[in-house]
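In order of appearance the chains are A, B, C and D, and numbering begins at 1 in each one.
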Amino acid sequence: MSILVLQGSTRENGNTEQLVRLALEGISYREIALRDKWILPIRDQRHEEGGFDAVDDDYDDVILEVLRHETLVFATPVYWYGVSGVMKNFIDRWSQSLRDPRFDFKQVMSQKKAYVIVTGGDNPRIKALPLIQQLKYTFDFVGMPLEGYLIGKASKPAEILKDTRAVREAGWLNASLQSQVIPS
Amino acid sequence: MSILVLQGSTRENGNTEQLVRLALEGISYREIALRDKWILPIRDQRHEEGGFDAVDDDYDDVILEVLRHETLVFATPVYWYGVSGVMKNFIDRWSQSLRDPRFDFKQVMSQKKAYVIVTGGDNPRIKALPLIQQLKYTFDFVGMPLEGYLIGKASKPAEILKDTRAVREAGWLNASLQSQVIPS
Amino acid sequence: MSILVLQGSTRENGNTEQLVRLALEGISYREIALRDKWILPIRDQRHEEGGFDAVDDDYDDVILEVLRHETLVFATPVYWYGVSGVMKNFIDRWSQSLRDPRFDFKQVMSQKKAYVIVTGGDNPRIKALPLIQQLKYTFDFVGMPLEGYLIGKASKPAEILKDTRAVREAGWLNASLQSQVIPS
Amino acid sequence: MSILVLQGSTRENGNTEQLVRLALEGISYREIALRDKWILPIRDQRHEEGGFDAVDDDYDDVILEVLRHETLVFATPVYWYGVSGVMKNFIDRWSQSLRDPRFDFKQVMSQKKAYVIVTGGDNPRIKALPLIQQLKYTFDFVGMPLEGYLIGKASKPAEILKDTRAVREAGWLNASLQSQVIPS
C-alpha cells in the first residue's frame, strides 16, 4: 500500500500538515503540497468539439503521481467551509482526466482508497460536514471508497496539538494504516 | 437596489448564465464573469507578522465592485459538488479583505443581500445541498442574509430550459427582485 | 398512476395540508392522516430469535395501503428539524416490513416513486435540508426514487399561501403529476 | 456537573448502550431509557385558543428530570437515518414545554451542555451527518451548546466493541467529562 498525501494547505507547517504528520507517523508516504504546484482553475470545454485543450501547468504531473498510489489522503484546511482553492482547482480538473485517452480515470480511481484530513477554526465538527459530504459525492463519482475522515479544530499555529480529540483520532488512523502496510 | 452577479461559470453562455438571465429578465444588473478575471488562490498569511502581501491580480477590482452593490447573486455551476474553482478562489480571498484597513468588510457585507443560482447535472437538488450549506455558512460569517437560492438541473448546453421547475423558480426570483426595485 | 399522501401533520387543515392540496389540485389521490392512526414506535427485535412480535395497532393497515399505490407523497411539517413524530414512528416500522414474509418490501417499494412536501417556520429552505437528506437516504435504502420535494415556509395557520415561492413550486408539482396521469 | 443520559435505543444492552457505558465509565450519571416511558407523539395545538391540553403520560416526569441536570447525553441508534421514534417523540414534545408556565424552557436549557452518542449500521459517519445537523439545529433553538458527538458503526449485538475508532473516541469523551467533574 503506497500512500500519497495531497496537501491543500497554503501555509507551511500549519495545523493541517501537523495533523497529517501525527496520522502518518512511522509510515512511509509521499506528499505533494498543492501550493507549490501551478494548477489553473478548470475551463469547461466538455461541450466543445475538440474537447479540452492541453493546459501547460503542473496538473498532469500531479495526476500521474496520483494514479501511481493506492491510498490517497486529501488534506486541507477549511477555507470558507470548503476545501482550499488550490485543492478545489486540482479536483475540478478531474473533469479533464475523465476524458483523457491515456487511462480510464474512473476505473483506476475506483481501485484506490481515500482518506480526508481537515482542520478548521470555526466549529469544524459541525461546519465542515458539508465539505465532507462534497468530497464523499466526489469520491462516489469515481467509485473510490472514503475509508475515513478526521476533523481537527485549530486556527493559530500549532493549536491542533491542543485538540485532544483530533490527536486521538489521528492515533486511530495511524494504527489503521499501520495494520494495512505489508511489511517489507 | 443595485444588483451584481458574480458569475462563476467558465463556459460562455452556459446553463448557469441562462438561468441567471431568466431570473433577472427585465431587471438592470451588472455581471462580472470571474473566468475573465485573474484571481489567484489565497495564500494563507493570517499568522505572518506583516499579514497578507499585496497580490497583483484582479481581486481588488472585483471586491471593490462587490462593495458598491446592494444585492449579490452568486451564480455557479456545480463542479464536483462545490462552487467552481474560479468562484472558490474569489471567496477564499475574502480572508484578505477581512484584514483590509480600507473598509470594515464584515460590516459592509452585512448590509447586503445574497442570492445563489446554481446548475448541475448530477441530481443537483440533492447533491448540491452541501454547496448551499457551505455558502450559507460563508454568508453567515459576514452577516449577509441568504435571501434565496435556485438549483437547476442541466448538463448539455441549453438543457436548463427543459427544467420546467427551475424556469418557474427563476420566475419567482424575478418577481421577487422586481418588487424590490424602486421605480426610477 | 395512483397517488397516496402520507400526511404527517398533527393539526387539521394546517399549512402542510394546504400545500398538499395546492400541489394535488384536480388530481385524484387518497390521503392517510397518520395522526388518526395508532402506530407505536418501533421496538427493535431484529436480533431476537423469533424476530419481531406482531404489534396490535394500525401500522399493518397503513403499510398495506402504501403497497397498493404507485406514487407516495410524504407530507410533514418540520418538527424540530425532522419529520413529525407520527411520521418517524411510521417509517421506523419499515424495519418490521423488511422482514415481513408476505411481500418483498424493498422490491415492491423500488417500483414506486416518492415526493416530499414539507413546511416549516424556521428558515426551512436551509434548516430542513438535513430532513430532506434523511428521507433521501431512507428512500435509497428501499430503492425508491425521490422525484422531487417542496419546502414551504409557514408557521401560523394559512401562512403558506403567502409563500409565493412555495405556491409556484406546488404549481410545478401539480403540472408534473398531471402530465403523468393516464387519462381515463 | 450532574449528567443525564437520554437513551433512545429500544433494545436492551444494544450497541448504543454499550458505547454510552464506554464513554461514561467511572463517571456517575443517571440514565432514562425512553423505551420504558410512555410518551405520546406531539399533537400540535400551538395555534389553538387554550394552547396545549395536558397529556397524561410520562413526558412531564422525564422533562422535569432533564431540567435537574447540567449535562445531557442524547444517545440513540440511527433508525432510518434519524433519531429513534421514541427519542423523536420526546423531543417533539419540547414544543409543549416552550409554553409551560412553570419554567422558562429556553433559558433553563441554555444553561446546560449537550453531547450526542449515536450508533448505526449503514455507513453512519456519512449517513448520520444529517441526524447530527438536525440535533445541532434543535439545541441551537434552545441555546444549548453541543459539546461533542460520537458516531459508532455497529449493527449486530456487541459489534460496537470492534469499532476501534468509536472506542477511542469514547475514551476521549470519558477523559473530557472526567476533567469537568468536580471531585467530591
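Methods note: contacts are C-beta pairs under 8 Å (C-beta built on N, C-alpha and C of every residue); 3 or more make two chains touch, one makes a residue touch a chain.
Please read all numbers here as calculations on a predicted model, not as lab measurements.
Averaging C-alpha coordinates per chain and comparing to chain D, the farthest chain turns out to be B. Computed from the mean C-alpha positions, the centre of chain A lies at a distance of 38 Å from the centre of chain C.
Averaged C-alpha coordinates put the centre of chain C at 25 Å from the centre of chain D. Taken residue by residue, chain A touches two or more other chains at 129, 133, whereas all remaining positions touch fewer. If each chain is drawn as a node and touching chains are joined, the picture is one closed loop, every chain linked to exactly two others.
Taken pair by pair, the chains that touch are A-B, A-D, B-C, C-D. Chain C makes touch with chain B in their complex at residues 125-126, 129, 132-133, 136, 146, 148-149, 164-165, 168-169, 171-172, 175-176. Residues 9-11, 14, 35, 41-45, 47, 77, 79-86, 88-89, 91-92, 94-95, 122, 127, 129-131, 133-135, 137-138, 141, 156-157 of chain D touch chain C in their complex.
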